[in-house]
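So the structure is just underneath, and the comments pick up after that.
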Amino acid sequence: MQRDICRILSNHKVTGNIYKMVIESRIISKKALPGQFIHIKPGDGYDPLLRRPISICDLDADNSQVTLLYRVCGKGTRLFTHTKTGDFLDVLGPLGNGFPIFHSKRVAIIGGGIGIAPLLYLSKELIEAEVYLGFRDETYMIEDFMKYSDNISIYTEDGSKGNKGYPIEALERNIRSYDVVYACGPKIMLRAVKNLCEENHIECYISMEERMGCGIGACLVCACESSSNEEYKKVCTDGPVFNSKEVNLDD
Amino acid sequence: MIDMRVDIGGVKLKNPVLVSSGTFGFGKEYSKFYDLNLLGGVAVKGITLKPRKGNKPPRIMETPAGILNSVGLENPGLDVFIEKELPFLKKYSVPIIANISGNTIEEYSLMAKELNDHVDLIELNVSCPNVKEGGIAFGTKSDSVYEVTKEVRKNCSIPIIVKLSPNVTDITEMALAAEEAGADCISLINTIMGMAIDIENRKPYFHNIVAGLSGPAVKPISLRMVWQVAQKVNIPVIGMGGISNWQDAIEFMMAGADAISIGTANFYNPLAPIEVLEGIEKYMVENGISNLSEIKINGGVK
Amino acid sequence: MIDMRVDIGGVKLKNPVLVSSGTFGFGKEYSKFYDLNLLGGVAVKGITLKPRKGNKPPRIMETPAGILNSVGLENPGLDVFIEKELPFLKKYSVPIIANISGNTIEEYSLMAKELNDHVDLIELNVSCPNVKEGGIAFGTKSDSVYEVTKEVRKNCSIPIIVKLSPNVTDITEMALAAEEAGADCISLINTIMGMAIDIENRKPYFHNIVAGLSGPAVKPISLRMVWQVAQKVNIPVIGMGGISNWQDAIEFMMAGADAISIGTANFYNPLAPIEVLEGIEKYMVENGISNLSEIKINGGVK
Amino acid sequence: MQRDICRILSNHKVTGNIYKMVIESRIISKKALPGQFIHIKPGDGYDPLLRRPISICDLDADNSQVTLLYRVCGKGTRLFTHTKTGDFLDVLGPLGNGFPIFHSKRVAIIGGGIGIAPLLYLSKELIEAEVYLGFRDETYMIEDFMKYSDNISIYTEDGSKGNKGYPIEALERNIRSYDVVYACGPKIMLRAVKNLCEENHIECYISMEERMGCGIGACLVCACESSSNEEYKKVCTDGPVFNSKEVNLDD
């Protein structure tokens, strides 16, 4: 983990409010594990003030490239869209623990919306993984996932692309055929996946989101409810990836 | 040769740049960015006698040029702090400031007594807005500031820093009460009580309703309070509240601060303390200032 | 049909969006951007009995997401205000709020008596940090808030708004004192005492040393104070302090404000009051809210 | 005076930290007088918070173009440099009173550094004006001034361009040949011009700078010392142009 001033190699819209940025960072591209994130300063000035956590979506160690996929939803991510090739980005990373990798097991990956970001790099590491992706209407990054897995099913709420419905429905049908499930996406989806896996005694790892201050474990603001009610977990260092049994997803 | 040393109740800080309690954990995290021995001192996360789980999330909200936090003094408690957390920092020669909060004067005293042989300085947090009992309750009345300081003074021999709350009408009253009770140093400011509302869900954003405001947004207020206090007390003052760069630090030192502390800035710039230190050094050299107190406006004459 | 009217001591404001004293002159300037009759009310520049030259420049400093000002109540004095400035605003039907400051209770009373037949409401500024005498001195002690309100109450029949200073330990004390003394409404907050230092010239940036902080930076603090006061008093509350857009306004109304006021935002967005008004209207329609008080969290139940 | 969202037609460096921006505004280009200014919002967000006053340097009413010349010296002006052709700028204007125009009189114009900005448009209106321009080292906009006046003398402190020294020296030599002098530049230069003109009983108009809030006369923060000590003047509406006799330039 360290601070790196990274050159932006490309930054453009993928679809709707989804953007893809490629930055140059030798260290991050060499060290980062799937599920880890980087902490990015949006613009200079004090508004916005804090860094923004963004997952490592993909990387190319040979060319020192790190790919980010981000959804514009506020001040900071909007500022990201203003940066262009050649600009520099102030980044901390790689941060967090990342997904545990089991090669000999039968694994499924399920992602919803922008939650698919960390799952691309994960599917690259888990060659054999079966991938379930859900979107509202527009799909994105499908081709990229196809590079790393030949077993991908796509779902959209309105059925405009792929199958109509939610990926959790398909996962439910096949749940017994997996040893481990990896998930990232909206809390409601994570809750469903957690319950599904725990009912079927299947190991489940989910990537959590909480607002962050430092991003490195020093400020305790990223607390999330843990299943043991004695203590909170720090999403930035205990996570962002947790065994579903560790965390409590109720509101 | 420039002399950056600061003397706080007999403890010599090698320079005036500290890091603020609650923003720097117990030192481990930021030690990956630079050698902690470069710092003038480290104020560790606020400690209570018993472990505290802290407040229910969410705990942070970004505001214009600031943040609201509602950590609620999550900490492992005095004993675990001494056994498990302190050893790491002890490997460094940097002065360690233990920041303590209590529900009663007895708790403050007990903790001070315990810590006396383990840390270099004690900072009395009488100003945490994020806990129901104690904390700020002590910091908004001069007589309770006086009493808690006086009692703690009896129970430890190491220097005592009293950390003041900005949520008062006249902060100099609190500073004078602390000085009179035997404090060796005043630090200010703690966070300012603020609030945010989640308009989607029509409820206060934080479970605790109020939270503590910090960051650049509060700098004009903290600078004013540091100035007011420095005019009145004859003990050293540690200034903090929104300091992000060396220019901010120089403003606080001109206002009368003997040392400054970096808090929220660590989050957006982990190298802030080092950059501030280098900036102050450069400023002194370029302006032919050999001694920190010369930075004070009219040499700090009151 | 949605009802946006607000009743303040019998005066009906057609909507809850006001503009704040000292940021809106006497109305002329912003009348070039929109019809002033669209506003719920206009608080004019603070008036004193005799003309005031105001403070020596510089009078403004930009801070992170805020500004410090040191205007020092420059104004033409009561008589010239009534003769020369008021006639312009009188051409509109928008309620006029006269914001007054005095060095003595007698001055407040005298001005209130004079103004009684010329304006719709009187706002007692007991919270200006930028004048040596009077102003804030009255606003930081509950008994003097009580006295000045009580005396003014005797000397005028139009509704009295008491504008509170945030530079206090417990703002609800001040609010309750004002209410008890017969105030019809509480407005808050005035600016927060801040400071800036000119490090090039090694001196305070403002001649008056302290200045008043306003703008988005203070919003978390003003929102918290509005919440605290709204929980306690049974008279209408006008919330202000950093409101820049309709979302901010809704936050204040959820916190318990019956009306809100736009100050500093006028400077960077002259159309802010209109945009805020339209935003509140849209919010009410989309959420099926027919009456302003429904916006308050749990309907404002205390 | 009004709010206008103006398209940026061009924005590029002239030399050093001096930039030239051309924006599109029908109203401003039609209405603006020499010496008037516009109030520009730098970026979105709250840091920086306030608008920045920038003089109208030149305009082309037929093509609705307004030219600005600005020196980068802080947060706001630095943000101006980040805007590019096609972006939009939130502007108030035209603001202030502008220079009084006397066609039948013998007039001199003297400017120092970035203070030359409002003088270009002024020299365009005063065809016969004799222009004295001073710079530290790099000169700029000279060709533009030549379009409007055939009597221009250039000074640089180090003599690297034009004559060595300060324009005030030349003005002093010729002072008796003028009825009116117009000046804009550093306070020290304005003070010298004011004194020179008043000693020689020559009418003198200077453009002043003060930090502003509203820019339109509502907030009273832009006060400057007036010669009558009863009151302050508002730079934004009483000025920025003042008869030298009205203002007090002592520190």
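Labels for the chains are A, B, C and D, by order of writing; each one numbers its residues from 1.
Here, a residue touches a chain if its C-beta (ideal position, glycine included) is under 8 Å from a C-beta of that chain, and two chains touch if they have at least 3 such contacts.
What you see is a predicted model; the values in this text were computed from it and never measured.
Enquirer: Quick one: point me to the chain whose Cα centre is farthest from that of chain A.
Expert: Farthest by centroid: D.
Enquirer: Given the two chain pairs A-C and C-D, which is bridged by the higher number of C-beta pairs in contact?
Expert: Looking at contacts between chains, C-D has the larger number.
Enquirer: For chain A versus chain D, what separation do you get between their C-alpha means, in angstrom?
Expert: 53
Enquirer: When the centre of a chain is set as the mean of its C-alpha atoms, what distance in Å lies between chain B and chain D?
Expert: 47
Enquirer: Provide the C-alpha centroid distance between chain C and chain D, rounded to the nearest whole angstrom.
Expert: So the centre of chain C lies 36 Å away from the centre of chain D.
Enquirer: If I count partner chains per residue in chain C, which residues reach a count of at least 2?
Expert: Each of 64-66, 215-217 in chain C touches at least two other chains.
Enquirer: Which chain D residues sit where two or more other chains touch them?
Expert: Those would be 46-48.
Enquirer: Think of each chain as a node with edges to the chains it touches; is that a line, ring, star, complete or other?
Expert: complete
Enquirer: Can you name the residues of chain C that touch chain D in the complex?
Expert: Going by the criterion above, the answer is residues 22-25, 28-30, 32-33, 45, 53-54, 56-62, 64-67, 69, 71, 74, 215-217, 244, 264, 266-271.
Enquirer: Mind listing the chain B positions that touch chain C in their complex?
Expert: Residue positions touching the partner: 63-66, 68, 140, 167-170, 192-197, 199, 202-204, 209-211, 213, 215-221, 223-224, 227, 242, 247, 250-251, 254-255, 297.
Enquirer: Name, in rising order, each residue of chain D that touches chain B in their complex.
Expert: These residues of chain D touch chain B: 46-47.
Enquirer: State the interface residues of chain C toward chain A in the complex, per the touch definition above.
Expert: 64-65, 216
Enquirer: Tell me, which parts of chain D touch chain A in their complex?
Expert: 43, 45-48, 75, 82
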